[in-house]
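When the chains are written out, they are named A, B, C and D in that same order, and each has its own residue count from 1.
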Amino acid sequence: MTDRKDMTLTSSGFFVSQEAPISCENPTPTPTSPAPDILRCAYMDLVVTDLKRSRDFYVDVLGLTVTEEDENTVYLRSLEEFIHHNLVLRQGPVAAVAAFSYRVRTPKDLDRAVAFYEELGCRVERRAEGYTKGIGDSVRVTDPLGFPYEFFHDVEHVERLAWRYDLYTPGALVRLDHFNQVTPDVPRATKFMQDLGFRVTEDIQDEDGTVYAAWMRRKATVHDTAMTGGDGPRMHHIAFSTHEKHNILAICDKLGALRQSDCIERGPGRHGVSNAFYLYLRDPDGHRVEIYTQDYYTGDPDNPVVTWDVHDNQRRDFWGNPVVPSWYTDASLVLDLDGTPQPVRKREEASELEATIGADGFSYTRRGDEGEMPEWKQGEYKLGHQL
Amino acid sequence: MTDRKDMTLTSSGFFVSQEAPISCENPTPTPTSPAPDILRCAYMDLVVTDLKRSRDFYVDVLGLTVTEEDENTVYLRSLEEFIHHNLVLRQGPVAAVAAFSYRVRTPKDLDRAVAFYEELGCRVERRAEGYTKGIGDSVRVTDPLGFPYEFFHDVEHVERLAWRYDLYTPGALVRLDHFNQVTPDVPRATKFMQDLGFRVTEDIQDEDGTVYAAWMRRKATVHDTAMTGGDGPRMHHIAFSTHEKHNILAICDKLGALRQSDCIERGPGRHGVSNAFYLYLRDPDGHRVEIYTQDYYTGDPDNPVVTWDVHDNQRRDFWGNPVVPSWYTDASLVLDLDGTPQPVRKREEASELEATIGADGFSYTRRGDEGEMPEWKQGEYKLGHQL
Amino acid sequence: MTDRKDMTLTSSGFFVSQEAPISCENPTPTPTSPAPDILRCAYMDLVVTDLKRSRDFYVDVLGLTVTEEDENTVYLRSLEEFIHHNLVLRQGPVAAVAAFSYRVRTPKDLDRAVAFYEELGCRVERRAEGYTKGIGDSVRVTDPLGFPYEFFHDVEHVERLAWRYDLYTPGALVRLDHFNQVTPDVPRATKFMQDLGFRVTEDIQDEDGTVYAAWMRRKATVHDTAMTGGDGPRMHHIAFSTHEKHNILAICDKLGALRQSDCIERGPGRHGVSNAFYLYLRDPDGHRVEIYTQDYYTGDPDNPVVTWDVHDNQRRDFWGNPVVPSWYTDASLVLDLDGTPQPVRKREEASELEATIGADGFSYTRRGDEGEMPEWKQGEYKLGHQL
Amino acid sequence: MTDRKDMTLTSSGFFVSQEAPISCENPTPTPTSPAPDILRCAYMDLVVTDLKRSRDFYVDVLGLTVTEEDENTVYLRSLEEFIHHNLVLRQGPVAAVAAFSYRVRTPKDLDRAVAFYEELGCRVERRAEGYTKGIGDSVRVTDPLGFPYEFFHDVEHVERLAWRYDLYTPGALVRLDHFNQVTPDVPRATKFMQDLGFRVTEDIQDEDGTVYAAWMRRKATVHDTAMTGGDGPRMHHIAFSTHEKHNILAICDKLGALRQSDCIERGPGRHGVSNAFYLYLRDPDGHRVEIYTQDYYTGDPDNPVVTWDVHDNQRRDFWGNPVVPSWYTDASLVLDLDGTPQPVRKREEASELEATIGADGFSYTRRGDEGEMPEWKQGEYKLGHQL
C-alpha cells in the first residue's frame, strides 16, 4: 500500500492516493490462471439455529421478501433484486456462514474460478445443479484465508419489486450492498483479493503502516466486501441498503416499538469510511446485519483510495460517536465445505480497539489537537482519550 | 401525581393517566393572585464567556439568524420566528443563564406576574423599557426554585423568514421549542409550575413514585420546559426545532466536516419521552443545546399524561442507546437578578443515573425480561444491566 | 380586513398585517352570547355511497386506524390521536358531509354553543348521548352559512399509537389537521368565524380587496378550517398530517403501485399559503382529502396575518405549478340536520380560477414582471398568462 | 427489440424481457473495429449566451462547485466528483451543446474511438492537450446520428468534496448522472449505441413496436444517456443526482424563495421509467436540467429490460401527473466540430405527445380500464384521455 508520505492530505482530514501493490509477509501466491470476472456480492448462505426466530427477524421486522421457503430453509431478497435471493437462512446446529456467494459475468467464469483456486491448492467443489434453490451451475471453495466462497452465473429470475411501493415498509431494504470479513492479516487478505480482481477503495492505517481494515469492490460502490482486522476467518456483517436515511431511522423506531431495541448494536450514524449512513443490528443468533445507505461511485480505474488514520475519531463514525467493544470483538464463524466451523486464528498485529481506546490508545477529533477534548467529554466511554 | 396502580399500561410499555394534584413535602404555597397567561417559552438570555466563539457556533454552525448585534450582545432568531429574538448571547464573566423568558398573552399579564411572585415573596423587578433590545415592558423574577424568569408581551416584530428557503441550511432551525431546568425536587417544582398554569404531559417515575423528571407545557406541544431531577437550580438545555429528521443528521454531518464533532454529546436518537427525534450539543461554554423535531399535539385539557418507568431502557432513547453520564451530571449555572450565580443545592432523592446504570441500578428492554439482555450486550456501557 | 396600503410587503413577496375587523355587506349579527371555547377541529362525519370502497381507500391505502366499525359505519383515527375518531365513514345515499365536528374545552361550552347559535336563529339540536359512537353529549347546528357543525367535549379515550412504529406505513397519517369549506362570500364567512372565536392567519386578495379565500385557526397552526370562495355551502377538503414530506411522496408512490394514481388530483407541492407541503387526493366518492405537513406556529395573539395577491403564481403552489380546474370547481355537498343536501348558492364575486387563468386573468412569478414568463412556458396550462 | 408477445407482463404493469438485437431500416453499419471501453458520461460542454446569468443559475442557485473559471468559461463539478469538471459553461453566440463527453477506461481506448468512428466515416479530431482545461488527450467526433461526442481518459484530479458537509446546500448535487438526446429514429440510434457498447435498460413502445424512447447505460445505473424520439439531433437534458428526495424538493423551495419558480418545467415527481425521483428545470438559455435520485442497479449482463406501454399514464410520471408539452417539443441544439449548429431533422414516426394526449391519443391508469377515468379528471389537461 502507499506510504503515508506519498499520500495527499485532504481538507476532510483523511489521505488519498492511488492503489498500490501490497507487500506483506507470507503473501498468497498470485495464480497464473486469470481470475473469474466477478460482478458483485450476490447472497449469503447463513446457518441459523432457530429458523422461525430468524425468519421473524428478517421477514417480519426487516421486511425482506420471501422468494421461496421450506421446512429448513428460507430464501430472501431485497426489493430491487431480480435474482432468486440475497440471503438464505438455513436451519443448522451452529450459527455460521456457509458461503459468501458472488455472481460472475459468464458461465465460463466458473471454469476460471475452478482453475484459479485449484492453482492455489484450495479445496474446490462444483455442482452443476447448484448448491441452493434458484442457483444453477456453481463452484464452492475454501479460499486461502479460510473463507467459504461460492461463484455462480446461472440463476432464476424473479420479479424486481422496485416499483411495488404497496409492499414497501418504512424501513424497506432495497439492495444487498456488501459483506464484511474478519481476518488476522489485512494486507495479506487484501493482496489476495486484488489477485481475485478486487480494487481497494478505502483503508484504515496508522502512521507506521499497520493496516486495520480495508474496503474493496467489484461493482462501482465502496465495497462488495471489506477485510476487518481481527481473529478470523469470521464474518463481521452482511449489509443491505435502503433508499434514504429516514428508512434506517424507521427500522430503529420499529425495533423500539416491538421492544426489540436490544438488537441495535451500534448507530445509527454516519461512517467516515465510505461516507455512508449506517446502523448495525444483531440477529437472533448474533449474526451482525448492517443497514447502509449513500456511499459514492467508485467505478473509475483511478478512483482515489482513501486512507483514514486509526486515531482519527471520525473514521468509523464521522460524528465521533463511540464504537462499542462488541462491534470489534464479536463475529460469526464460517464453515468449511463440509459444514464444519473453521478454526479461528488470533490477530497478532495491533488491534483497532486497543489502538484507539486501550491503555496506550488514543483518538483525536482534530489532527494535532490530541489534548483538546472538552473536559465534560474526557470521562466518556466514547473517547478512549488517554493523553 | 397519579399512583401507578391507577395508571393504564399501554401497548408501548409506558403508562397513561390524567394529570393529578401533586403532594410533596414543603410545597410552595399556591398564590391567591391569578397566574399570568403565558403563551410560550420565547427566548433565553444566555451569558457566554467568549462572544466571538459563541457567535461562530450559533450563527456559522447552527445557522441562527442575527436580528441585531453589538459589541457585547448578539440577538438571534429561528427561521419561523416573528419576534425579535429567541436567544440572546451576552458576553460575561461566567457562563450562565440570565433569564428563561416567556411571552404572556397581554400587557396586563405583567401585572399579574408581579402580583403572583410578590405574593410568593420572590424578588421581582419590572422595567418598562425592557431588559433586552426588541423587548418592551417586562418583569424579571427569581422564582421560588431559584430560577431567573422573565415575562414580556410587547416585542418588536421582525420578518418571519419561513418562506426564505434561499436562507435555509441543511440543518435549518425553525423554532425555539423548549427549555429544560435542573432542580433537586421534581414534584415540588412541578407543583409550582402547575400553579403557574403549566400542564404536565409526561414524566419518569419509579415504582415507589420517586419522580426523576417531568415535562410541562403552555403551548400545545409536549413542553415549554421540563424539570430534570439533579443538583440545581441549573439549566439543562435549550431546544430548537427543525422541520425533519434529516435536518438534524445534517447538523451532525456538518460538525464532522468542520472537525467539531466533539461538541456532539448525545444522539441523534429518538426519545421515548415526547416521541421526538433529538440531538444534544454542547456550545463553546458547555451550555447544552438540543435539536428536536416531531413531538405531538397536547392541547386538549384531558391530554393523557405519559409516565415512563425509570428502568425502562427506552424512556430516554427509544432505541435503547445509552445516555452518557455527562448528560446527567452537567448543567449550566443560573444567575440571580444581580447577575450572581445562584448556589446549587444537591438532589437528595435517587438519581436517574444511579437508578439505571449504578451499582444497584438496572434497565430492561422488555418489562419482566430484566435478565434477558443478549450476552454480547451485557458488557456494554449502554446497559448498566446489573441483575 | 386590512387595506393593502396598510400592509407590509415582505421579502417573500406577500404582505403582512395585523388581523382587522371585516366589513362586508349583509354580515351575520354578532351574538351577545359568548362563543364556545373551541379546542380544535376533531372529526368529520362523512357520508359515502359505497362503504367498502371507502374503507379500502382510507384504511388499506391511507392507513388510518379503525377504532371501531359496524355494518354501516367505520370510525377512523390517525396515529397520534387519543380521542375515539377523526373521521366517520357512514354509508348513505348521497356523498356529503353530515358534520364538521369540533371539540370544545369544557362541557359548559356546549351550553354556550346552544345559546350562541340560537341567538342567531339557527337550528340547534342537542343529544346527551352523542350523535356518533365514542362521542358523548353534543350539539349539532346548521350555521348561518349553511354548514352542519357539531360540538362536543366528552369523548371516549383510545390508545394514542404515536409510539407504535410497527404500525406505521411509509405514508403514515399522524393527525387530523384541518377542514376547508367552500362559501360564496368569504368576508361574510370570515367575519362569522371571528365571532365564533377563530383568528385569521392568511388570506388571498386582489388589489381591489376582493377576498378569494381565508384561513383561520383555533389551535396554534395555520388553520382549523379555511373559507374558499366558490359556490356553497360545500366541503372543499379534509386534511391529515404526516410527519415529513417523504411520507407524502410515499402515498403517491403507493397509489402508483396500486394503479390508483388517478385519485391524485393536485400535487405534491409546497403551498405558498401556510408554507406547508401538500397533496390532494379524491376518495371513491370524489370527497377531497389533503395530506399536509409542516406549517408554522400561530399561537401568539399578534401573529402576523399573511395576505397573498391572487395573481401571485406562487400563492397556491410556491413552485408555480398549476392548479387544476377541478380543484377550484369541485366540492362535496353538505347536509342539513335531517340529512338533506343543502342547496348550493353561486359565488357572485370574481372567481380565483377566472382571475388567474381565465380570459382576463393573469399570474406572475415576480411582481412587476408580468410579461417576463419564459417563451417555452407561455403555451402551458400552468400559466394562464395572458399579458 | 423484443416483440411484446415475448415479453413478461409484471405485477407493476410494465413488461420485462432480455435485451434483443434491433432491426431498423437504414441501420448504421457495425464497425469491425472494437468500440472504446466507456466508463461513464463525464461532462457536458455547454454553450451559453450570457455566462454571468448561467453561472448564477448553476453556482448560486444549484450550488455546483467552481473548479476553475476564466472570462469565457466556467468549469463546474458535483460534490462527489474527483475529476476536474462535470459541466463546462462556455460563452458563445448560440445556446447549444458542444460535446457530450465520456470518460474511457484507458488511454488506448482513444485509439479505439478514432478507429471506430473513422470506420463509420465520421469526422474525428484528436487533440493531445485536450479540448478543455483539466482534460488531457482527447477525441472529438460527430457521430452518425449527428451528435458531438468527446472521449478522454487523462484528467486532472481534484478533491472529492463528498465529506465536506459544511459546503452542502439543502439541494446539494452530488453526481452527474446522465445525458438525454433527442433523435428522430430511436431504434436506429439505439442499435448504434449498442455497437458502441451500451446496454439498453428500459424503453417506451406501443403495441405495434414503435419505439418512443430508450434508456441505455455503461455504468451500472439505468442510464448514461437516453434516446428520446423527436426532431434531432438535439440535447434533451443533462441530469445531476442528489442523495435524497428532500434535496430535490429543497431546490424547488429555493427557486420559489428566489422568485425563479418559472424555471421549473416539470415535476417534482416519480418516474415510471427508471423508478427515480425527478425534477426538470430550464436554465437561462432554456437548456433543460434534470435533478434525479434513486434509480436501481443494472450491472448484471442479464439485467431485465423494462418496456413501458406508451399509453400507460404512469410511464413518465408514476403518479399520473401530466407531461407539459414543452417537455416533449423543446430541446437544445448541438454543434458540429466547427461550432456550427447541426441541422434538425423531423421525426417521422408517431410522436409520444400525439400518441398520449393528441386527437387520436389516449392514456390509461389501469390496463383495460381506458374508459374508467373519474369524471372530475376527464376535463383535465393531465389526462389527454380521449376514449
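The criterion applied here is as follows: a contact is a pair of C-beta atoms (placed from the backbone, for glycine too) under 8 Å apart; a residue touches a chain by one contact, two chains touch by 3 or more.
The shown structure was predicted, so the numbers you read here are calculated from the model rather than taken from an experiment.
Chemist: Return the chain pair with more inter-chain C-beta contacts, choosing between B-C and B-D.
Modeler: Counting C-beta pairs in contact for B-C and B-D gives the edge to B-C.
Chemist: What chain lies farthest away from chain B once each centre is taken as the mean of the Cα atoms?
Modeler: Between chain B and every other chain, the largest centroid distance is to D.
Chemist: Between chain B and chain D, tell me the centre distance in angstrom, where each centre is the average of that chain's C-alpha atoms.
Modeler: 51
Chemist: Measure off the straight-line distance from the CA centroid of chain A to the CA centroid of chain B, and report it in whole Å.
Modeler: Each chain's C-alpha centroid was found; their separation is 41 Å.
Chemist: How many Å are there between the centre of chain B and the centre of chain C, using C-alpha atoms for each centre?
Modeler: The computed centroid separation for chain B versus chain C comes out at 34 Å.
Chemist: Can you tell me which residues of chain C touch two or more of the remaining chains?
Modeler: Correct list: 12, 163-164, 244-246, 253, 256-257, 272, 318.
Chemist: Residues of chain C touching chain B in their complex?
Modeler: 10-12, 14, 16, 39-40, 80, 82-83, 103, 105-106, 157, 159-160, 162-164, 174-175, 219-220, 243-245, 272, 275, 294, 296-297, 299-304, 318
Chemist: Residue numbers of chain D touching chain B in their complex, please.
Modeler: For this pair, the touching residues of chain D are 163-170, 172, 244, 246, 250, 253-254, 256-258.
Chemist: With touch defined as at the start, can you tell me which chain D residues reach chain C in the complex?
Modeler: On the chain D side, the touching residues are 12-13, 244-246, 249, 252-253, 255-257, 259-265, 268-270, 272, 277, 282, 286, 313-314, 318-321, 324-326, 330, 365-366, 373-377, 379-382.
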